[in-house]
Each structure stands twice: as C-alpha cells, then as structure tokens.
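Note that the chains are named A, B, C and D in the order they appear, and that numbering of residues resets to 1 at the start of each chain.
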Amino acid sequence: MTATIFAAAETSTEAAHQATGWFLDNIWILPLMPALSFFAILFLGKKMRCRGSDPGLLTTGLALAFSIAAGIQWLGSVGEGGTLPVVGEWKWYSAAGFDLSVGTLVDGLTIAMIFVVSLVSFLVHVYSTDYVKGDRRYTHYFAFLSLFTASMLLLVISNSTIQMIVAWELVGVCSFSLISHWWEDKSNSGAGLKAMLTNRVGDIGLLIGVAILFFAAGGTFSVLEINSLALSGGISHLVLLVAACALLAAVASKSGQFPLYTWLPDAMAGPTPVSALIHAATMVVAGVFLVARLYGVFFEGFAIAGSSINLLALIGAATTIFGATLAFAQTDIKRVLAYSTISQLGYMVMALGVGAWTAAIFHLFTHAFFKACLFLGSGSVSHAAGGTFDMRKMGGLKQHMPHTYKTFLIASLALAGVAPLAGFWSKDEILAGTGGWGIFGGTGGNGAYTLMIVMGLITTALTAAYMTRCVYMTFHGDYRGEGHPHESGKRIVVPLWVLAGLATVAGLVNLPKGFQLVPKSWTERFGHFIEPHGVTYFPKIEHATPSWTLGIFSIIVAGAGISLTVLYIKRKQQIAERTSQSKLASVGYNILVNKYYLDHLYSGIITKTVRGPLAAGVNRFDKTVIDGVVNAAGKTSVAAGNIIYNQIDQKIVDGLVNATAIQTEEAGEELRKIQTGKVQHYGSIMFASAIVFTLLIIIFI
Amino acid sequence: MNQFLDDFGLSIMVFVPLITGLIIMLIPRAKEELIKQLALGSSLATLGWAILLTVRFDIDNASTLQFVVDTDWITAIGSRYIMGIDGLALPLILLTTLIVPLCIIYSFNHWPEPANPKSFLTLILILETGMLGTFVAQDLILFFVFFEVVLLPMYFMIGVWGGQNRRYASLKFFLYTLFGSALMLISFLALYFLADGTAAGLDVVNTFDMRALSDGATGAIARTSQLWIFAGMFLGFGVKVPIFPFHTWLPDAHTEAPTVGSVILAAVLLKLGTYGFVRIAIPILPEAASAWAPVIGVLAVIGIIYGALGCLAQKDLKRLIAFSSVAHMGFVMLGIATLTNIGITAAVFGMVAHGLITGMLFFLAGSIKERYHTLDMSKLGGLLTDAPRMGWVVAFCAMASLGLPGLAGFWGEFPVILASYSPAAILSESMFRTFMVIAAVGTVLAAGYLLWMLQKAAFGTAGGGSVDLTPGATPHNGDGDDHLPKANTAIKDTTKREWIAWAPLLVLILGLGVYPRLVHEVVEPATEKSLEINVGNIKYDCLELSPSSATDCFNEIRNRNG
Amino acid sequence: MTVTQFVIASAVLFSIGVYGVLVRRSAVMVLMSVELILNSVNINLVAFGALHDNIAGEVFALFVITVAAAEVGVGLALVLLIFRNRKNINIHEVDLMKG
Amino acid sequence: MVAQNIAFGVMVGIMGLSAIRVVTTRNVVHAALYLMVVLATVAGLFLLLGAEFLGITQVLIYIGAVIVLFLFGIMLTGARIGKEKLLSHRNKVPALMIATVITAVSIYAAIDYFGADKLPEETRTSTKEVANSLFSQYIIPFEVASVLLLAALIGAIVIARREPHEENLTK
C-alpha cells in the first residue's frame, strides 16, 4: 500500500507532493534504539558501572537527535499544496482472512509527537540520574524508562490501529510498573493496580472500536484507509458514531478524562520524573493522540463541523472544569499538578471536539514543556524539603533554590496563560477554535461552541488562581518544613532551564492567523507544518481567526485569577500585621500568632476560597460517587465472585456432581452384601444368570 | 530417509515414549540415574523427531494431511490405523513434545512425594504417547483410544503424587472425563452407522475415517440426528476443555496435582477437547455445528466472566490459575463458535498460547510452593524482594496471561473479539456482538485478578504485609533502604534447573507474541479447509449464507446424498 | 444316531457337574466336578464335529483335554497350598474376597 | 445302527449313574474311582463317534494321569480314606434346582434345534487326519498349548513347593 492512494482528490492549485528523506523513511529505527537499550539494561544493567542508566541516556539522546533530524527533513519537504505522509509498511503476517501489517506513518503529527517524546524523555533521563541515585531498583527504573520511551515512540509512528493497541498496552504496563516502583508499600502497588485496571476498562472500548473499524473499512487496520473511508462516506455514520464512542472510552481512561480520571492523581505515587514523563507530558496525551490520529472517524462520527455541541467536546469541557477546581483542594504539590494535567488534557480533548485540531496538538506540544518543567521542579523541591510533597511543609523556598523557583514560576505563568509565554498562545488558539464568538468578534471555526468557550475561560481563571496558590505556598512565606532546603544539582537544574526556556518561546511557533504585528508568513507555522492538508485522510478544517478582544479578555481573566489570589493572601497578611501591631507586648507571642496565622491562612485558602465549597463538592463527588462506583464495582465483583463460587459453583454445580457419586456409593453399599466371598455363591449366581440368558436367547431368537 | 519419515515418522514419534516407558518398567528401581537419563533422552529424542518432521512438513500445503499412514487395524469393526498431521495438529504436537522434556527437567532430582521416579517417569511417557496419538489420529476409534489412554496416567499422577485431597480430585477427574467420553463414543458409533460416502464419490459406507467423514460422508444424515451426534461430542470434548458448567473437576484436579501434572494438564490435556472440536466436530458435522454454535458461544462467554469472577474469590494461588484456565478456554471456545477462519485460527493460537503461559504459571506456582510451603495468597508476598528474578518471571507471565500485546496471550484474545464482531453469516450477528462486548469485559476482569495475584504474591512483604512508606520519601538518598524489608535469605532465587525448564517457554511466549505468523501461517490453511463443506468435488458455502438460505443449502446436500 | 442324543447326554453330564461344583465342600471334589463339566463340553465338540464332518471339533477337544490337565495340576497345587496354610480344604471358609 | 444305539444307551446309563455318584458319594476315594468310570464311558462315546485318537487320548491322559493326580491330591490333603459326613454342605436345594433347570433348558434347546439331525453314517476320523490338521492349520494353538502346559508345570511346582524355612520348621 503506497501513499499514492491518498493523493489529493481535491482540486488544489498545486498537487500535494510526497515527502521524502532518509530519516523519514527509516523512522522505525527510532523506537528500536530505546528498545535495544531496554534489553541491554535488563540483562546487563546490574553489571555496568553506571548500573544501567547510560544506555538509556545514550539512546534517548540519539532518539532526540534523530527526531530533530527527521523534523528538519519534514520541514524541508512540506509543500504549499499539501504533503503526503511517508508510509513504511511491513507485513507482520497475513493469515486467517486478515492482513496484519505494521508500519510507520510520518506526517506532521508524528513529527511533533516524536520531538516531544524524545525530548522530554531525554531530559527526564538526565534528571533521573540524580533524582533516583542510590535507589535499590535503579537499574529496573531505567530499564522501564527505556521500554516506555520505545513503546511511546512506537505508538506515535504507527500506521495501523493494531500496532497502536500494542503500543498502547505497552505504555500502560510501563506506567503500571513505574507507578508501583516502590512496591514495598501497598498503597503504591495499589495505585499502580488502579491505573492499570482503569486503563483496561478503557481498553474494552479500544478493542471494540478497532474491531468495528476493521470490519467497517473492509478488513484493514490501516489508519489512513480507515480515515479516508470515514471521510469519503464509505462507512455509515452510525457505525462511525459507535466506533468513536467506543474509542472515546479508551481516550477517557488513558488521557484522564471525566469520568475515568481518578487513577491519575493516585499515579503520583510513582517517582517524580516518571510523573513528569508519563503522567504529564507523554503517555497521558496518548488518548489525545488517538483522537488526532483517527480524526476522520471522530470528525464524521460526532459530526463536529457546523455543530454546537458533541460528546467529545462536552467531556473535554467537563474534565477541564473538574480538574481545575479539584486542584484547589490539594495540599500535595504533585496532586495539584496532576489535577492540573487532567484539566489541561480536558482542554485538548475539548479542542479536538470543537474541531480545533491544530490548536489541540499545539497545546499538547506546549503543555508538555511547561508541565514537565513543573513536575521536575516539584521533584527538585521535594528533594530539598526532605522528601515530602506536602505544600504545608514547604514555603519560603525562593531564597534557598533560586533556579528551581525561577523555572517553576515561568512554567506556572505559561500554564496560567500569561502572554507571551507558550500557554497563552495555545490556549487562545483553542478558545478561538471553539467559534463560540458571540461577544468577542472574530471569524472562522468549525461550529459555534459557545458553551465550550465559556468553560474554557472559567478554567483559565481557575488555572491562574490555583497555580498562584501553589507557587505561593511552596516558595513564598516562611519555611515550615524540617529539612535543610538547598538547591539541587546541575543534572536537575539544567533540564529545568531547558524546559522553562521552551515554555517561554514555544508559543511563538504558531502565532495566530491574522496576527498583525508580524509578517503573514510568520503566522501559523506550526499548523502549516503539522496539520495534514491536501490529503484524503484528514478532514478539511476551518481555521479560526482570533480577535484581539478575545486575546485581551483572556489575559484579563488570567490576570484576574492571579491578582485575586495574591490580593486575598496579601489582605490576610495585612490583617495579620494589624493583629500583631495591636499585640506588640510580646515578640515571642507575635511570632506564635504569625505562625499560627499562616497555618490558618493556608487552611483558610483551601476551605474558604470562593470556589472552595465547589471544589470540595467536586472532590466529594469524585471520591464518593465516581471512585465509589469503581470501588463498589470492584467489591461487587469480588462479592459476586464469592457468591457464585461459594453458593453456585461449590453447592449447586459441584453438588450435582457429588450427588451422582454419593448415589453410586450407596448403591455399591447395597450391592456389596451380595459379595459373600464364597465361591459357590458366585457360582450359583453365575449359572443362574447363564440360564436366564440362555432362556432369553431361546425365546427371542 | 524421506520415504522412511513419510511412512513411519508419525508412528515412531507417537510410540517412542511408550516403548521407553515399558523399558523403564523393566529396569530395577535402584538404577535411578539410568531411568532418568533414559526418560529424558527419549522425550528429547521425541522432540527432535517432531522437529525433524516439522522441517519435512510442507508448509505450503498445510491444509493437506501429511505423513499419512493408513493400514488395517481392527478389521472386524472397520477401524483403521490412520495417522496424519496438518497445520492444525502441528503446533499442538510441537507444544506437547516440548512440554514433556521440560517437565522431566523440572522434576529432575526433585520428585514430588512419594518420590518413586521410575513410576512417575513411566506415567509421563505413557501420557506423552496418548497426547501425541490424539493429535495425529485420523480414525475415530484410534482417536478415542488415545484420548482415553491419557486418562489413566493422569489419574495416577494426581492420585499418587497429589496433595491432601488427592483421592477425591483424581476420582472426580477420572469419572468426569470418562462420563464425557462415553457419550462421545456413542456419537462416534452413530457416525459410523450413518456415514455414507457413495454420493460424495467416496468408496466407503460405514467408516470411522475422519477424512472421509469430513469429505461429505456425513452429508446424508438427517438434521436431528446430526444435532444429537454433535451433542454427544459436545459433552465429550466440552468436559475436557472444560466448558462452563462442566468445569468443576478442573480446579480440584489442578489444586491437588503435582506441579508437573498441573503443567501437563493445563498445557496439553485441555487442548485435547478444543482440538476435538476443531478437528472432528466442526468439519464432520458443519450443519450441527452451526446450530450449536450459539450455545457454545453463550457457554464460552459465561465461562469467561464466570472464570474471572471465580478467580477473584480464590485464596489459593493454584486454584486461581486453574480458574483462569476456565476463562481462557472460554476465549478459545468463543473463537471456535464464530465458525470463521479468523476465530478458529485465533482459537488454535489461543490453545498454544494458553499452553505456554498457563503451563509456565503452574511451574511458578510449584516453585513458590516449594519455597514458601504454602500457596495461600494471604500468606504470600514479597517474592520480588526474596527472589527478584522469579518475581519478574511471575510478573511477565501475569502480563502475558492478561493478554498484553507483544506477548503470546494477546493473539488468542484480540482476534477472537474481532471474529465475534463478524461471525459466520449463518450465525446471528447481534448475538455474537453481544458476546464480543462481554468477552471484552472479561479482559478487564482478567487484568483485575492477575494484577491482584501479582500484588499479593510478588509485591509487598511476606505474610501479606506492607511497609508504610510515604510515597517518594527519601528512597533516593541512599539510606532509604534501612526501613525497607530485608530479603528473606532462606528463599533461593530461580535455580539453574528451573531456568532450563522455563527458558524455552518464556522465549516462546515472547517470540510468538512478536511474531504470531509462526503459528498462523501453518494453522490458517488448515482452518480454512476445516470450514469448507465439500461433498465430493463440489464445494458448498452453507456457512457463509444467511440462516434461511443455509437451510436450503444443507438440504440440497442431503438430497444429493439421499 | 442323532446328534441330539449326544447333546442330551452332554447336558446331563454338565448339570451333574454344576451340581457338584455348587454343593461340594472339599476343593478336590469341586475340581472333580469341573472335570465332569469339561468332559461334557468335549462330547459336544466331538458330536458337532462329526455332524459337520469337521476335524476342528476333535482338535479342540484335544486342546480342552490339555488345558484340563494343566488346570488340574495347578488347581491341586493351590489346594495343597491352602491345606498347608489352613489345615483343611473347605472352600466355604475361603472368603477373603468378601465385600 | 441299532447296535450303536444300544451301545450308546448302555454307556450313557453307566456314565450318568457314575457321575451322580461322583457328586453324591461320601467317600473321596470312591468319588475319584467313579470319576474314572465316567471318563472311561466318555472315551467310549468318543469311539462311538469315530474319534478314535481322541478316545485313546482320553483314556491315556484322563484315566492314566489325571485320576492319579487326584488320588495324590486326596492323599496329600489328608482326606479320610472312607466315609466322610460333611463332604457336601447342606444347601443342596438351590444347586439341585439350578442343575435341573440347566438340564431342562439344554434338552429343550437341543431337541428344538437339532431334533432330527442325523449323524452321517461314516463319522470315523483317522489319527492321520487329526495329526495333519493339528500340525498344519492348528500349529499355533498347539504351540500355545505346549507353552501353557509348561507354565502350568512350573506354576504348580512354584505354588506347591515348600519354602526352605518351612522345611526347617517341620524338621
């Protein structure tokens, strides 16, 4: 199957041309490198002087170089009329009526993904050599990091749905084993279990969805063929809708969407670099990637164009609000970030739901940098604060660890959507893409998703607020912990700065359409290179042109979120100062009051913020209803298992079997009385029966 | 040489273990070394011979029987000595010949109580002959004989070398299977008397020859009779599989059997039943198969869910693995019930995969029991600390068993789900799509119990305890190890003997997972042929028609014959 | 001569033998009765052989005699053994097979 | 034909009476002797049927060997030479019934099936014919029979032989 089939059908002025390049053709080498590293570490790691970290570092470094090279080749071959993807295909096997091919598919989405994955993976490797130094399972840790990188790269370059399933499950297993890395503690292995099980629930949808699409597309797993058929109307809308809903379950579990996100905060039990790599930057966006990859199916199945609401967008929007409000209720810094991740993933899914494909991928791209930076920063902080992640035991770390503070602050601002950092651009792109204009002016977009833009704006304010709180609790005020805070080493700080730098500038690669301050050729570069166009496997998407009103308004919203929180904190401190002034009698007493007050202040922020009750309510809903259902399902299953086993299996089914045996035994008990052991009795019986038989023969024959 | 292989290859492969077993019987018990070497040597020779046959096997014609032997046997009842292998049998033969030497290696110098390696090895070798014979037999009576030969050694193995409750378990196993095979024999006899191959251009009237029977000699049998005959076979094979609700012998037998017995039971014996379906029931009686397929499908999905729920309720590790077999065999049966090429090929793959994975899990259970002297999961734990390598092997096998892509188990599950989305046209599509969803839910439950098992057995600390570690608290500071549990030095990690016995299985689990083509390529043509309905030279495609036209199609075959 | 008269003679001898097997207490006597039964069979064999002009009847009678001789030999050895162990040969008392 | 029928009647009469005595007499040695008579009349019946080799064999083996064996058995098992009270047990009625019914059924069957089947005039078979048949067609059963005899011989010795320590005890 060559890519020529997917040549542009539309009448474009310039025909789409085939991208070429050694790196693009041989992209299969990319996942192979970390895979080899996995085996090397697994079998030889313990004998190495580095205890297994070097092969991982080396291969992820090479992978990063490879990705960059591939990216450059891709950029060089993107044409104006559209670019056909580079497809490599190998027949895995062809049997039993279905052709099973594996292969590579390189288009803009792939290029963006491999860059993100290999970059974050490389930085996390560097970071980890310091962070998990001396861990009893250092080797095992690096082995699984390598395996994860390999699987994730395999996922993003795959051209068939079955290959996606393979990689999808493999990243799940890596996630499981890394979450339960410190499995001596049952709560850690429990978290791993929860993650894996929740993902398996979603996998039902994946398996079914892939099965449906396989038959609907006439017996193929090829992503390109499925998408093309879906878009050309070769598959009925109902089938697409069912398949898309099934796949959505997989997306919800992997990408932490409502209502299957509960595993993600628990997954923070794993080592922090793992959280940064797997549970923030890469694996959790696999769901987003799946939707983006099979966008033809989702686009047609949910009838995204010209609509104002659909399931995908709704789930995304709900998740983004849920995640953001929950982030307020947390005292654990990693959990704040975890809920923030959920919220941002909701953003991406919502963007895909409203048809803003490029914006979603762009947000995925920028989010990976600033969220990885935040996670790695939180690891650095915990390192300094004696291993705790509890923000109540931090505070005032600004002075002790300036680098961590600065990078954390940059990343937080980027996340909060402060211009001109990366988050601002990608977030605005999404808001514009909803096309829910109403008050803001602007043009374009695929529909009129007014609800989505409102929810997006609310989340912007919430995000800004909870990040402010998080930064304040961690770095400002006085130190409340017991350890001796200190700045982390170079191998931790350098990755932080790299990511912070990217978080600063990444937004500039996709300046919005119609941005008047720069030449037109500078705008939408990301979209131009990443979004497939001039091909049949990708829908034609209307790009929105954002208005200044919207941009300014969203900055105002974010700014309001930040300043309200700061004001709130400040006002409380003024009260505190006044209190201390009125009670100057004793300095010691004052300190006590201040200390007490600060503690009170923080607990006050949690419980008495304006959105406090809401967050608590959502939290409660999450803990009792959603998680409760999961737990109840588990418990019911075990109980049902017990009942079935003890009552039905042991008593009825087995009972019948045993009853037969008992009957036989009783009959035997009766019959044994005939067995006198006396030969002549037997003889009598024998001869008597011989007579009977003879008689029978005589009579009947 | 090649001619010799063609003529005697199968007979030699089947009977070498038996003959060695008889020779071992004649050797005095005191010469234990000689006995062991002889047994191991002969099982390895059988493996080598099987590989030789595989090399000679013409893969391009995997659908035709090869190495066919056809001579008189019991002329009085028209039963002939017919053997032959095609793509369906080949993987299972290789599996069998591989598992047996591994079992012998595993138990080398380390016999279950009451030792007596002489009898133990003799039984294993007789068992091997029975299993191989079942896979190569092409005559119903010959098949039946081998099918039954398997019973007795297994009975003794459980009854003599088993656990506490062994007499109950062995008896249950024996009687249950015997009950099934009695009905099966009746079905075989009925087939014999009703078979008529004249209309199909075959020169046979009453025959036990499977080739003739599947080539149209059964076409004239009335639908009702077909249904009853199939029912008999269904019970016979179904008990062996075991299909819900005939499964209760399995957990008992597994729990009580010695490790090696469990391994052989899980790896090969259960496959005799499913193999019977694919080899005999479906090709010979396609019409009845299509009528029974929904029943099989329902029982299969019940088995999947039921087995998984059963697993969640278990406290004993071996019992849990045994129940998981019920669930996995449910997948195999669901694949068979779809009556499609994809489904049945996946089912055969599932048999091989289940043989490897569950066999491996039972090996592990045996080794764990040896080290901890219990299989009670509430008392286990910390295997990863005490014996890290074995712990990882357990984790690997659990992952394989829950159907992780890239390992063998996946290819027995996913294609089955795929196939049930679109079963043979004669079957109800909506019904099988429901099965698909239920089966998919079964995969989640499978993940549930296997991970739970893993958590109980491998994670944490012995006695089911857990150390209170604050997540992420200082384990990276080097001194973090102090408050971690210390490994129990009394527990030995995987020994060399165990590695030798396990390595081939582990490699195959991974290898077949990455490259399933190895099996599919051989099985697929044979499956396709087994689903073809040939009467003489005419090919009918009744299974691929809608239910009403299929009835006409079958009637047409009958009229042609009648 | 008809074959019937020989068959009847053999039947009578057979029945007497059966009676003996069933009522005799001494193992030696039981063995003697068995000889009667065997002889009745021989009569039948030879008579039918004559009827069908088939030599097989006679040959098989010869075999029966051979087997009978062997049977008596082994049987008496067993009786001897029983006698040595129990000091009598009353088969009514040999009931170890009692269920 | 008449002569043969008379001979038949006489022999069967003697045979029947002697046979009854075998199973009813209270003297073991007498029983053995009556048995000898029965065997002799059976040999006569064989001759009557033209089976001369068989008749002679009957005399040689049965009367010559088997009876002697019985007598040895009687002596070695310490049976009383003379009348014995408890040679038969008391439950004779069922045995008698069974025997009678067998006789009745057999006679009925014989008459029913072969009522008028006359034996051929000439039924004599020569020893040569027997030998030819035995050593060609039936050679394998013949060899098997010889092995059986050998086995019985060894078996009887093994069973009846005293163990060495038993001999010591008796000494």
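Note that a residue touches a chain if its C-beta (ideal position, glycine included) is under 8 Å from a C-beta of that chain, and two chains touch if they have at least 3 such contacts.
The structure presented is a predicted model; accordingly, all values stated were derived computationally and were not measured.
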Third chains touching both chain D and chain A: C
Selected pair, greater C-beta contact count between A-C and A-B: A-B
Distance from chain D to chain B - Cα centre to Cα centre, in angstrom: 59
CA centroid of chain A to CA centroid of chain B, Å: 38
Inter-chain centre distance, chain B versus chain C - centres from mean C-alpha coordinates, in Å: 54
Computed distance of Cα centres, chain C from chain A, in Å: 91
Residues of chain A engaged with two or more neighbouring chains: 684, 687
Chain D: positions in contact with at least two other chains: 94-95, 98, 102
Residue numbers of chain B (touch at least two other chains): none
All touching chain pairs, where touch follows the definition stated at the start: A-B, A-C, A-D, C-D
Sites on chain A touched by chain B in the complex: 92-93, 95-98, 131-136, 162, 165-170, 173, 176-177, 180, 182-190, 193, 196-197, 200-201, 203-204, 207-208, 211-212, 214-215, 268-269, 271-272, 382-383, 386-389, 634, 637-638, 640-642, 644-646, 649, 653-654, 657, 661
Chain D residues touching chain A - in the complex, by the definition given at the top: 94-95, 98, 101-102, 105, 108-109, 112
Touch list for chain B against partner chain A, complex: 171-172, 175-176, 245, 248-249, 306, 308-314, 340-342, 344-346, 384-385, 395, 399, 402, 404-406, 410, 414-415, 417-418, 421-422, 436-437, 440-441, 443-445, 447-448, 451-452, 455, 458-461, 466-478, 480-481, 484-485, 515-517, 520-521, 523-524, 527
Chain C-facing residues of chain A, complex: 671-680, 683-684, 687
Interface residues, chain A side, partner chain D - complex: 684, 687-688, 691, 694-695, 698
